[in-house]
Every structure is written in structure tokens, then in C-alpha cells.
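See the structures that follow.
Two complexes are shown next, each including chain A; its partner changes from chain B in the first to chain C in the second.
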Partner chain A sequence: MSLWEYANPAKFMRTTDRVLPWLVVSAAICVTGGLVWGFLTPDDYRQGSTVKIVFLHVPAALMAINIWVMMLVASLIWIIRRHHVSALAAKAAAPIGAVMTLIALITGAIWGQPMWGTWWEWDPRLTSFLILFLFYVGYIALWSAIEDPDSAADLTGVVCLVGSVFALLSRYAVLFWNQGLHQGASLSVQSGERMAATYRHPLYLSMIGFGLLFLALVVIRTRTEIRKRRLAALQAQEARA
Partner chain B sequence: MIDLGRYAGTVLAAYGVSLLLLVGLIWHSVAANARARRNLERHKTDA
Partner chain C sequence: MIALLLRDLRLATRAGGGFGLGVAFFLILSALVPFGIGPDRGALAPVAPGILWVGALLSCLLSLDRIFALDHEDGSLDLLATAPMPLEGTVAVKALAHWITTGLPLILAAPVFAILLQLPTRAMPMLILSLLIGTPALSMLGAFGAAVTVGLRRGGLLLSLLVLPLYIPTLIFGAEITRRGAESLPVTTPLVFLGGVTLLVLALIPFAAAAALRVNLR
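And then the complex of A and B:
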């Protein structure tokens, strides 16, 4: 069986009908478990109880970047192979990515105030994240501004390609410029673990939970877009008849 | 009861805003999906 079979809307709807309940339940268990476990961790000797913000901030920031990468892959599939489900999946993912970026920005500002003494700093990572958020908003606005869905998918695909530069900058900004306030990666495969297991394990669970939550939401939103497209096609068919 | 110390307001504000945004996103996604399904079914019944 080929992966491209799922580009068929009917096949996508049938498959996700079976998968969605499992996704929703596992996302609910992991997000709730990760956040409750994280909230119950002991205070850090330097950061006090503000360390508990990491269980929201890091998973949201991780998803903000990865959702844009997913949108990029889906847009490329649309541009190259013209599979409608991939264009609709990219459209469906954008509001989720925007909310994740907003959560990362807000929790970062709330956390930054007591730790850095400022809500905001024009630091490379913070600035590139703000630009990424603006790209999400622009992407969503462009989809709703263009009436023809295929043209909208083409143009938003181009926006997605350009925005990928900022998605990558958000991830690697701390490596390019060292003058920023933002610390380096808390979890790193190359450098080993920089975080105590007490915090690392609930953080992993929260990250898995946010990933599953994204998958569940993107499936629900893609199904919504397919239904809307189907209704529009039926109405157009009747208008022609 | 968990003692959040002098940063209680900071931690609760971060969790409050984030959970509000997440619940809003979930509610919007589920409501839009239910509306789209209803509209499609109504159209098929009428046709």
C-alpha cells in the first residue's frame, strides 16, 4: 500500500475515523499527565517555582517550529504532486501553530520578567519567534483572502517556503548569535543531558502530549476542511445543473 | 496544597493563559468540525 493513497479524501476520512479516538485519548492522557507531573516537581534552587513554566514553554516552542516544518512538507507535496488533502492539512495546521507560538511567546515573557528583569528583549531567538508568529498570522490571512482554493494553496505554499527561514532561525538563532539573553537548548543529544531527571521526565511526557494534541487537532481540522470543500463542490454542481 | 512561594502569580498566570488558549483552540476545532458535518448532512438530506 502506498502512502499516497491517503491523499484521497475518502480514504483519509475512513482511516482517521478509526485513528482519531485513540489520538484524542492518548493526547489527553499525556498532556494532562505531563502538566500535572510538571506542576508537582520541586522548586529549582535558582529559579524557584518558575521552573514549572518549562513544561508549557518548551513543548509549545518545539511545536511552533515543527508545525511550520510540517506545513512546509505539506505545501511542497501540494506544489509538486497537487494532492488536495496535503494543502488542506497545511491550512488546518496553521491556527494550531499560531496558538503554540503565542503560548511560547507569552509564557516566555511571563517567565522572563522575574528571571531576566524584563518582559521582552530584542534577542535573536525571541525576535525570530515573533516574526514566525507574524508569518503564521499572514499565512492564515492569505488563505481567507483568496477565493479560489487552488490559487490560495499555491500562494500560501510560497509564504510557507519563505517563512521556513524564520522557523529555522527560531531553532538555531542561539547558535548563530551569542549576544542573546535566551539560553541554549535545555535538551541536547550532542551535549548530553543538561537538566535533572526530576524535570526531564515530565518534560518529555509533556512534549509527547503536545505532539499528540497537535496530531489530533490537525486531523479534526483537516476533516473539517474536507467537509467544507465537499459541500462547496456539491453546491457548485447543483448551480451548474 | 502546593506552595509556589513568591512566584505564585507568575506560575499561575503562565498556566492560566496557556490553558485558556489551548481550551479555546480545542473548542474552536471541535465546534467547526461539528458545524461542517451538520451542514454537509443537511445538504445531502435536502438534495
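And then the complex of A and C:
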């Protein structure tokens, strides 16, 4: 029994077939639970009701970064061990990551308008997210531009590696370029400073929910990609016969 | 290697090579900006470092797809790939040729365009220095983008989409050096960072670009 067994598409399909319903249901419960609970929290004494957007903003931002990391790991697995499921999972994750980045940017703008008095500010965090979004767009565009699936997986994998280095580099270059307006992390493991428990607990639930939601979506999309691959193989077979 | 470099340089400078197009584009850009912003010296001078750097970036982008596309079309890229020279070396030489035909003319022309944009004279050395350090990274990253998109139809637009985000660190530090030069501030920190970015690019990108080329030639 090793992890690599799941690199077999048939095995992957069988396992996810069983896991997927649970994943979808728990994701739905956690996301709706976290958002509804978050919506019912009392207004903040300074930020008023705008504080509630945090239950959408922070989990989306968290996922936006982690999805890129997941794509990086999946690309590495593809490049090193050439497991097709891995490449397809990276492909499946990219649009989800792009949407999460967009959600984080848009909810941030909606919150920033009443709080900072501006929709957009060239703040390091905001700018890094915009850059991350550009990387997602380039990655997705490259996948859709190449016809041969194996070359597409190879090239997007290399682009993902180089992109990761430069996304990180840009993150710190941007810090150099402009000091920020965005507040620091609201939740931090190192510093004892925390937001009130009233807000913290629904936020945790919402973060878990977004994680599960991403897992469910990426599994569904990977399954679709595998089926598409099988269909193409069948069609090729038929054309040959 | 030298033979390849000379061949690329000769191809670029002969008719149809597009030599000088980048500089002409840079000139047009520098001439258009004052029409958009207004001829006022007080308005132009603060944005000049940024405009010059963005202009250099875009002019560099213009000729990127030529790095590999023509050789791919007539098949000489396959020959280069099977030659005893490692493909990484081929990529580096082609990037160097691109820099000599695009980056170097840009650097030589930049002070003239800087005058058009009312950049203070004391910023000139810093402008040239930052371009001298930064543009090799632009050519090398461009070679990577060209290697990824070489087999594609309509690869040009995708190329810019892939390469422009990679240019951000170079642009930030390069423009910062020029701005500090204009205000007579110390430039050591951004200068070191820019050099670091360029060295990182020169050291790592040839391998990524060669890997992409191998996939495309498969």
C-alpha cells in the first residue's frame, strides 16, 4: 500500500467515487454553516457590519495561495514521476484558484470602499494578489493553447515552477516598492494577538469549509478530465478501426 | 557558440530581421506619453523613470517571438538541438544575441528619450546602469517564454501574457534605481536586489527554457 497507487486513474476513480459524496456534503455543511454563523455574529464596534465579509475574504485568500502550492506540488509529481492524474489535478485546480483569487480581490474591494475609503490601493498584499491572478491566467491560457495533452502538462509544469519562484520574488519585491495599508494577519500562530472568539470560530469553520469545497471541486474536475481523456482515447480507437 | 552568436546577429541585422524595430517602438512610446500627460516639465519628470522602464520592457517584448520561431519554422532548431552543444547553452547564446540586438540599442537610445521625457540629467548614469543590469534578465526570461510558446499558432499574445508577470521584480527595482538617481538618493539596496534578480535568472532560466524546448521539439 503506497500513496502512488492513487496515481492509477482507475483506482483514483473508484476511491473518489466513494469519497466524493461525503466530501460534497461536508463541504456544503461547513461553508453554509460558517457563512450563516458568521452572518449572525454581532456587528464590530468600529467596522460595523462590514466585518462580516471576512468570513468570505480570508478563506478565499487562504485557498488562493494554497491552491497554487498544490499545483506546484502536483506539477513536480508530474515532472518527476509522470503520473497523469497529478497533471490533470493541477489543470483542474487552476481555474478554482483563479476564482478564489478573484473572490478575495473583489470582497476586499467591497470592504475597502467603506473602511479605507478606496476600492483599490497599490498595497503590497493587494498587488501580490493581482500578480498571483495574472500567473493563474497565464497558466490556464497555456493549458488551453496546447493541443497535445502530454506536452501541455510538461510545459505548464515548467511554467508553474518558474512562476512559483517569481510569484514569491514579486511578493517581496512589491514589499520593497510600497509599504502597506492592509492590516497584518488577523489569525497568527506565533503572536498571541487574536481576534475575538465570536468571530474566530465561524471563521475557522468557514476556512475548513473552503478547504473541503476546494477538495470536492478539484476531485470533480479531475474526474471530468479523466473521463475526457478516456473519451478521446475511445474516439481515437474508433477512428483507427 | 561564437559561430551561433554571429549567425544570430547576422540574421537579425540583415533585411527582414526586425533590427531597430524595438528602438523605433521605444521612440514612439516616449513621444506619445507627453501627448497623453501634457508637456509640463513638472508633470513629466516624476513619471519619466517609470515610463522609460516600462517602455524598455515593452520594446523588448516586441521581438521575443523571433528568438526561436524562425529557427523552428525552417528546422534549424532541430539541428541545434541535436548538435553536441547542450541545449541550455544554445538558449543562453540566443538570449545573448537577443540582448545585443534589442537590449543594447535600447540602452544606447534611452538617454535621448530620457531627455524627451524631461528626466533630470543627474539620473542618466543610474538609468543606464539599471538598464545595463536589468535588460539581460528581460532577454533571458523572454527566451524562456519564447521556448514555451515556440510550437504554438498565435503564440505571440500568450507569450506576453506569460512573460510580463515575470518582468515585475526587474521593473520594480530598475525603476526604483532610476527614481532614486533622479532624487540623488543612495541606490545601493535596489541595485543589489536588481543584480540578484538578474543573476538568478541567468543561472536558472536556461535550464527551464531548454526543458520547454525539448518538450516542443519532441
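Note that the second predicted complex is superposed on the first by the 226 of 241 C-alpha atoms of A that agree within 3 Å, B and C clash if a C-alpha of one lies under 4 Å from a C-alpha of the other, contacts with A are read in each partner's own complex, and residues count from 1 in each chain.
Note that in this section a residue touches a chain if its C-beta (ideal position, glycine included) is under 8 Å from a C-beta of that chain, and two chains touch if they have at least 3 such contacts.
Because the structure is a prediction, the values reported are computed rather than measured.
Within the superposed three-chain model, A:Ile146 lies in touch with chain C and out of touch with chain B [touch as defined at top]. When the shared chain is aligned, chain B comes close enough to touch A:Leu56, but chain C does not. By the touch criterion stated above, A:Ser170 is placed in contact with chain C alone, chain B being left untouched.
Within the superposed three-chain model, A:Asp154 lies in touch with chain C and out of touch with chain B [touch as defined at top]. By the document's definition of touching, of the two partners only chain B reaches A:Leu217; chain C does not.
Per the touch definition, chain A reaches chain B in the complex via residues 35, 39-40, 43, 48-50, 52-53, 56-57, 60, 95-96, 99, 102-103, 106-107, 110-111, 113-114, 213, 217, 220-221, 223-224, 227-228, 230-231, 234-235, 238. Contacts from chain A toward chain C in the complex involve residues 131, 134-135, 137-138, 141-142, 145-146, 151, 154-155, 158-159, 161-163, 165-166, 169-170, 173-174, 176-177. Those residues of chain C lying in contact with chain A across their complex are 144, 148-149, 151-152, 154-155, 158, 161-162, 164-166, 168-169, 172-173, 176, 190, 193, 197, 200, 204-205, 208, 211-212, 215-216, 218.
Taken together, the chain B residues at the contact with chain A in this complex read 2, 4-8, 10-11, 13-15, 17-18, 21-22, 24-26, 28-30, 32-33, 36-37, 39-40, 43-44, 47.
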